[in-house]
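Read from first to last, the chains carry the letters A, B, C and D; within each, the first residue is number 1.
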Amino acid sequence: MPDNPSAQQSRWKQAVYQVIFEADTHAGQAFDITLLWAILLSVLVVMLESVQSVNQQYGPYLRALEWFFTILFTIEYITRLVVVRRPLKYAFSFLGIIDFLAIVPTFLSLLIVGSQYLLIIRTIRLLRVFRILKLSRFVGEAAVITGALKASRHKILVFLTSVVAMVVITGTLMYVIEGGQNGFSSIPQSIYWAIVTLTTVGYGDISPTTTLGKALASVIMIMGYAIIAVPTGIVTAELSRPYQKSYKHVICHVCQATEHEEDAAFCRKCGEKL
Amino acid sequence: MPDNPSAQQSRWKQAVYQVIFEADTHAGQAFDITLLWAILLSVLVVMLESVQSVNQQYGPYLRALEWFFTILFTIEYITRLVVVRRPLKYAFSFLGIIDFLAIVPTFLSLLIVGSQYLLIIRTIRLLRVFRILKLSRFVGEAAVITGALKASRHKILVFLTSVVAMVVITGTLMYVIEGGQNGFSSIPQSIYWAIVTLTTVGYGDISPTTTLGKALASVIMIMGYAIIAVPTGIVTAELSRPYQKSYKHVICHVCQATEHEEDAAFCRKCGEKL
Amino acid sequence: MPDNPSAQQSRWKQAVYQVIFEADTHAGQAFDITLLWAILLSVLVVMLESVQSVNQQYGPYLRALEWFFTILFTIEYITRLVVVRRPLKYAFSFLGIIDFLAIVPTFLSLLIVGSQYLLIIRTIRLLRVFRILKLSRFVGEAAVITGALKASRHKILVFLTSVVAMVVITGTLMYVIEGGQNGFSSIPQSIYWAIVTLTTVGYGDISPTTTLGKALASVIMIMGYAIIAVPTGIVTAELSRPYQKSYKHVICHVCQATEHEEDAAFCRKCGEKL
Amino acid sequence: MPDNPSAQQSRWKQAVYQVIFEADTHAGQAFDITLLWAILLSVLVVMLESVQSVNQQYGPYLRALEWFFTILFTIEYITRLVVVRRPLKYAFSFLGIIDFLAIVPTFLSLLIVGSQYLLIIRTIRLLRVFRILKLSRFVGEAAVITGALKASRHKILVFLTSVVAMVVITGTLMYVIEGGQNGFSSIPQSIYWAIVTLTTVGYGDISPTTTLGKALASVIMIMGYAIIAVPTGIVTAELSRPYQKSYKHVICHVCQATEHEEDAAFCRKCGEKL
């Protein structure tokens, strides 16, 4: 195998790819941990910038740090695009889009000038918090949970739909009962109250004052308390599944034993080939 | 087969039936999705009408839209009655009644005149929100959840009864402890507080101020936190069932034993061949 | 068998016993339902008496009804004592004591005179609400739930102990952090806050104001949100057990098949006697 | 066996060890129960001392009791160090450190003098509340729960990470939507609100006032209500495991296959006798 430039470049690319995209090598692990800290720090900087007292004192430093992290993540993003085999597929993958959204807002704040747009710019800038989603790259166990949630997504949707129907109806009833008074000023407002109550959050910014209203609220609360069992039951049943080994329905032709594990090649009773 | 008018009419009815009642054909699916949007929009119109600022500006438009949707749903309801095989059975089925209740209030608001009854009329009109229940027609997975809830309804009833007994007793105790002060002005009021607390909603409109009251409240809270496990356990156990061993519904013709395992060839009670 | 008076009396006793203590006959069911309504109405009377506006208007009627129900339940209690085989055993059983406590307070309010003791008398009178516990007599399904709770009582105790340790420590930390200010005026008070927070009740009567306090509160909240999984898991695992059929570890001496159901007398594979 | 002093001492040590560290003998049980009460009382003393009204009246008595318990626990700690086989290993074990931390603060309050450090001293003193953790010594059933939590710690970490990411993003969005008003004064503050809401605690000290804010809050609440199913499902699935099939920890000496069923006599992979 001749060591031509193209092959060398390809080998170099693969080495960088292993460091950036994989975590099997020591270098790859070090990169991931560094990235993790950089993300956490950059998120912290955005947070601190929003605290008025901190911003007044350390504003310029925070903005400098913000630019430092943005440039760092830009280099990282470009490197990812270069070393990955299919750049376009990466760019339009979920993580690729998140990586892109994590650097764009800082640059956007430069292009759009004008104090009257400041608030909107800040809105876009704050999207950089999506950087934190990169954290999911570091956890592999998430697959089991997301798998269970995916498998039960239809049931959860049904549950959420009935919850929405429930809060719309109870919210409307409450609006009628309280007569548009005591914070129940409109149906959407009353629905908001119904959600706050059914989910057992209970801010207390709006709470029923009439006797009938309190009676209905009591019913909603106990209902909310009881039906939380439904999503829990759905997810639990799904998560319990992997532990219930699946068996193949093969009967050993020698000893007639059944319930052989999926990957069994020999009967666990008599050692005969299945 | 002669193409007589009666047969033609019957065929036409069946075609419409397939579009309206079923979702297997393209036309049926399109109808269902249109209906879904119409229901959502009509509910939105009712909601917006209750928001004072919106009602003042767009009131006539909203009322026009309301009439538009009411007429639409009336046509739909009549069509359903015409094409269904047993119109009476449909009219008195759960969905038939909901379909009827979804159109009646708007017409009722015409018949009953007089400003003093306005509020009551509005009450009846708001029942149109029940339209949203039609949504349940679009989800088939609901069967598993409602099945699990139905199977565990006795246990849930027992649970709810003991919760009610609990809140009545603790509410009364709290009324005595707080001495009718600090919002605990009567037993029903104290029971309302107990429900708000046990279900972990916690509005904060009423909260104990005496030391003994806070101690009792703490006990109720921890109790409420722990016993939420009961309905969850009930529903989860029920939802986990389908994943477990299935039995064939074969009754042994000799000893009447039931619940034979799927792979059983002989009755496990009397040894007779199944 | 001669129809002597003693045998006749015994027969009469047994008939009354069947009506009062059992629910198999039509008369027994009618009695149970009448009793249920009498209990509910008497509880309602006690509740209404505590509502000041109602008491001022209907006070005498309510007190008359109270006496009516008390005499009714006294007759019932005496009849129970007469017809039951072992009166003492009944009198000191849980339900017997509740039956007794349900009638005593009204009589006690007669004996103790003096306006200054009024409040205390009311306290004892309110114990009649324990009548509601009689409701448990009407539900048989409760056995499964109480069985699961009994089986998991040790685990729940461990869980509650660790919850108590948790709230004591976090409450104390919070007292130190908030420096005895903002409602965190003492350790017991702060522990009360910790319970309100950990159980996700969240009244809002006390809430942290310092940054460190809010950070600690956030940790407690997420902790409380996550550890609710523990009692739920305990009870669910217990409730799921009955559905997991138990098998006897018997291997068929003919076909070597295993996993025979507990009540199997013959091998479900080859029909051989086990 | 000659009864030399060293052997006698060793025997004496072992007897004391059995009383202090074990709970099999009557003396050991009595010691444990005495210790339990001493810990509870000493914690109560610390609590009462923080209540201003109690401290003003009984301050000296409480401080005396505090010293009494501190000396008691000091003697206990030294005895433990003397009788245990490996004193260092005990001293640096979790319970050893807790035992030490439970006595240090009272002594520290003597060394550091000066009214300006008073608050800090109180902080350290309050650490004695860690004594309550000793309670865990009395419960053996905790192993199952901690085992299940340990087994699912990776999944719980993933869950907590996604919860943190969720509250950071929603908190930031809320800060932008509410425009730094109504208590949403900074991103950390808004994240605190998001935690309060997602965990369904809902103090109500901060609550959205804009329509868009309420809409987002509703989404977070329903989300928080639904995703509580995840940790519950994880722990339940883990706790249900012991009731399911157990495998013997035998590795096939031919093909290294693991997880053989309890009743397997032959490797299900290669047919080799186990």
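Throughout what follows, a contact is a pair of C-beta atoms (placed from the backbone, for glycine too) under 8 Å apart; a residue touches a chain by one contact, two chains touch by 3 or more.
What you see is a predicted model, and the numbers here were worked out from it, not measured in a lab.
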{"item": "Copy pair subunit A, subunit D: interface residue numbering same or different (half cut)", "value": "different"}
{"item": "Pair with more cross-chain C-beta pairs in contact, given B-D and C-D", "value": "C-D"}
{"item": "Reference subunit A; chain at largest CA-centroid distance", "value": "C"}
{"item": "Chain centre separation (subunit C, subunit D; CA means) in Å", "value": "30"}
{"item": "Where subunit B and subunit D are represented by their mean Cα positions, the distance between them in whole Å", "value": "42"}
{"item": "Contacts with two or more other chains, residues of subunit A listed in rising order", "value": "159, 164, 188, 191, 200-204, 224, 228, 232-234, 236, 240, 244, 258, 269-270"}
{"item": "Residues of subunit A that touch subunit D when the two form their complex", "value": "43, 46-47, 50-52, 119, 122-123, 126, 129-130, 132-133, 135-136, 139, 141-142, 144-145, 148-149, 156, 159-160, 163-164, 188-189, 191-192, 195-196, 198-205, 224, 228, 231-236, 238-240, 243-245, 260-261, 263-273"}
{"item": "Subunit B - residues contacting subunit D, complex", "value": "200-204, 232, 236"}
{"item": "Footprint of subunit B on subunit A - complex, ascending", "value": "154-155, 157-159, 161-162, 164-165, 168-169, 172-173, 175-176, 179-180, 185-188, 191, 197, 200-204, 207, 211, 214, 217-218, 221-222, 224-226, 228-230, 232-234, 236-237, 240-241, 244, 249, 251, 258"}
